[in-house]
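Letters A, B and C mark the chains in the order given here, with residues in each chain numbered from 1 onward.
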Amino acid sequence: MDDFLIGVLTNIGIISFVALSAYMLLLSGEVSFGQQAYFAMGAYAAGMVTAMLGWHLVPALLAGALVGAAAATAVGSATLRLSGFYFAMATLAFAEMTRIAFELFAFRIDVGGTPVGPNGTDGFGDIRYLFENGITPLQYLMFVYALLGLVLTGFFVLERTRFGRALRQAGADPLLAELQGLSVVRIRLLAAAAAGALAGLGGGLYVHLLTYIEPASFNIMLGVHSLAYGLIGGLGTALGPVLGVLIDIGVLESSRLFAGYRMIVFGGLVALLLIVRPRGLLDERAVHWITSHLKRSMYAAGRSGLDGSLRRR
Amino acid sequence: MLEVTDIATAYGKIEALKGVSLSAGKGRITCLLGPNGAGKTTLMMTIAGILKPRRGSVRLDGEEIAGLPSARIVSRGLALVPENRLVFPQMSVKENLEAGAFQRARDPAIAEDIERMYQRFPRLKDRRDQLAGTLSGGEQQMLAVARALMSRPRILLMDEPSLGLAPMVVEEVFRIVGDLNRDGVTILLVEQNAHLALKVAHHFYLMEQGRVTFSGEPGKLAEDEVVQRAYLGTRRASA
Amino acid sequence: MIDLIQNTLDGAMVGSSYALLALGFTLIFGTMRRLNLAYGPTIMAGAYLGTYASLRFGIGALPVAIVVVVGAALVGLYVERLCFRPFGDSAAIASMVSSFAVWMQIEEAATLLLPRHLNAFPALVAGPPFTLGPFLFRPEHLLMLAVATAAAGLVYWALHHTRFGLGVRTVIDHRRAAEIVGVPVERVLMLAFILASAIGGVAGFLIAATDHQITPMFGMWATTKGLIAMMLGGLGSVPGAIAGGLALGIIEAHMQWAFGPQVRDLIAWGVLFAVLALWPGGLMGSRRLADAAAVQRRL
């Protein structure tokens, strides 16, 4: 597997974290244009832990996730009572404030003779943890996907718990949910915290892959993109946002097709797709269709098994 | 004047109207009674063009209007006083009336008609610059009726005009219904208040679960049976 | 003290363009209850067409203005047909993401049309700044204020003294009731969208003509300014849009003078965030608009 492909795949895996972050909030019924703020905070925090404190990658990633969760909770407490568009604007405002704050934030310490640390618009470089510890691109790729796999499993399990159902209900019909005794604001706050953690974790992974980050990367584009991934890939399953990332980054970055016209073509296709599938490719109906077909074929396979008569399901 | 034939309307997969047929005679008051959820409002919205029927026909003086956009149906002479009034809350009484005449474009008679509405509904005149959202329930009901009349309709559809109003106000509303009819307006009236409705109706229909289950004149069916079926629906024998 | 007044004046003049941007956003949001993320790029498309016309055919400022406004209106029609009309009253998020996809399209198309990052835009007036008493005035700013005021006045007149304006106001106030009284809602929405895009075109022309340049960043810039100004004034409120635009311009002028451009932007977003957290209705808008949207969606 050549390095370019490894790089693209790792990128897809990492950006999936932000996409899943926006997706989580969307499930709970809130549109956020600002998950890139927690992605940025996670990146800076994790980078500072390995490059300035000299610690191991795992506590760095934990720090990133915690910072993301904490910030998201704080912002959420101030804004989650806002509905729809107001909330979306508040998330955008906060994300832009974060980005500009990082442009103004400089804090460097001496590490082995050179100054290391965030340096405003000049960014934060020399995050060489992977290189210094001999972690190959392939190993990191597997690590990223192992984490992503854990997260996706978490989503899968979540969908089957009471909280997962409450989450979707808060998103689909908050008025009804309140009438049924659910505290929509509390559900959304929990979702926001989890989403912040996801984005922060993704940021931590991101900064170590790139070894250099700058505030400009964490802009509105990233925010709206993370929302768009879920809409394109589908809102019926956590695999949807990942599919959206795969389509966008994977197909676009690596194909030489339509060079120079890529966005025009891709943008048009997305707009057309949304007309026929307003909730994405893997929307709730598609997922239902797929799972019921899977169940049917598994059932049929089970029945035709030798000990089929002994099985109850 | 209004012939509804085999109208079926659905919300997604849910069939709210399963083939409804009725007719409203010219110059008469036709009432539509029935329990909640029978589909009466859905039928009114379908006739008015807000909802599109899956099949069936609606003829106004012989012209087919089913499937037409609501704006066209208003210009053909059908106006709806919707359930819950639905006045324009941030617009004044006068502007609400002007909005009612929207399809009449730049007709110079609009101003005259507004004056006529003020005469028929003096309380609206008192409040003509007031925001409609601040009016009382009864005043909003009158505004909704006046607004619908501004389009000079051939037939007026009224959906539960007594909903949420105090008894004295309800009486006034029904008095207005009677007055309008005496002035020659054809009315199709949906009502929960079967007792009052039967007092003014020339003809009535009973709707239950998306279908018309009875058609007749007041007095043909014993009133208490009508009331029972209107509020509670027919008791179905369990299969 | 003099600086205070000077900054306020400067801010109000720049703010008049922001007010137009916000006005366009508000017209679309008020009628459709949707955020058009392609709004800024739509204006940029018009501005780029105008720039292209000026570079290719050497036409003067006024014909360029016409190209910009008409161009923006046409691109706006494209956005409305593709991103908003097909979704009707549902799928708000899908239409927003669709408008974002078109944003991407327009940005790329713009850079294909004019590959250079910086492009010269014809100036509206050529003249040195002059002083009136202790205050400095730039003619282009004064013209911006004059034209923006005229445009806003025209929109106000249209909304309150034309049949089209009555239709727009009924749709903004209560869409279902508008349908019932016979307002052709879909046609009104389309025309309001085109008008909003045209207003944006006017704003875009004024800003580009004052800066004497246009870059591909303009789309995002116009979107953020318009959004902040609209939210400050209150979602969906026409007078609010104007108030919000002026307020934003004035705040920015003072902040830039005191702290420089980065802090200026930080505070602009900070003010918006604070307003949202504390007074979600904005300066003049109403909370019920957003609530009503939530209830309407449910129905």
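Everything that follows uses one rule, which is that a contact is a pair of C-beta atoms (placed from the backbone, for glycine too) under 8 Å apart; a residue touches a chain by one contact, two chains touch by 3 or more.
Keep in mind it's a predicted model, so treat the numbers as computed, not measured.
S.K.: Which chains end up together, and which apart, when chain B is taken out?
M.R.: Remove chain B in thought and everything remains one piece.
S.K.: Where the centre means the average of the CA atoms, what chain is farthest from chain C?
M.R.: B
S.K.: Where the centres are mean C-alpha positions, what is the separation of chain B from chain C, in Å?
M.R.: 42
S.K.: Return the distance between the CA-based centres of chain A and chain B, expressed in whole Å.
M.R.: Going by mean C-alpha positions, chain A sits 51 Å from chain B.
S.K.: What whole-Å value do you get for the distance between chain A and chain C if each is reduced to the mean of its CA atoms?
M.R.: Once rounded, the distance between the two centres reads 31 Å.
S.K.: Give the residues of chain C touching no fewer than two other chains, as numbers and ranges.
M.R.: Where chain C is concerned, no single residue meets two or more other chains.
S.K.: Which residues of chain B touch chain C in the complex?
M.R.: Against chain C, the touching part of chain B is residues 48, 50, 69-71, 73-75, 79-80, 82, 86-91, 95, 98-100, 102-103, 105-106, 147-148, 151.
S.K.: Looking at the complex, which residues from chain C come into contact with chain B?
M.R.: Per the touch definition, chain C meets chain B at residues 163, 166-167, 169-170, 173-174, 176-186.
S.K.: Hey, which residues of chain C end up touching chain A in the complex?
M.R.: 29, 35, 37, 82-83, 86-87, 90-98, 100-105, 107-109, 112, 220, 224, 227-228, 231, 235, 262-263, 265-266, 269-270, 272-273, 276-277, 280, 290-291, 293-295, 298
S.K.: Residue numbers of chain A touching chain C in their complex, please.
M.R.: Chain A residues touching chain C: 26, 31, 78-79, 82-86, 88-90, 92-94, 96-97, 100-101, 103-104, 173-175, 220-221, 224, 227-228, 231-232, 260-264, 266-268, 270-271, 274-275, 278-279.
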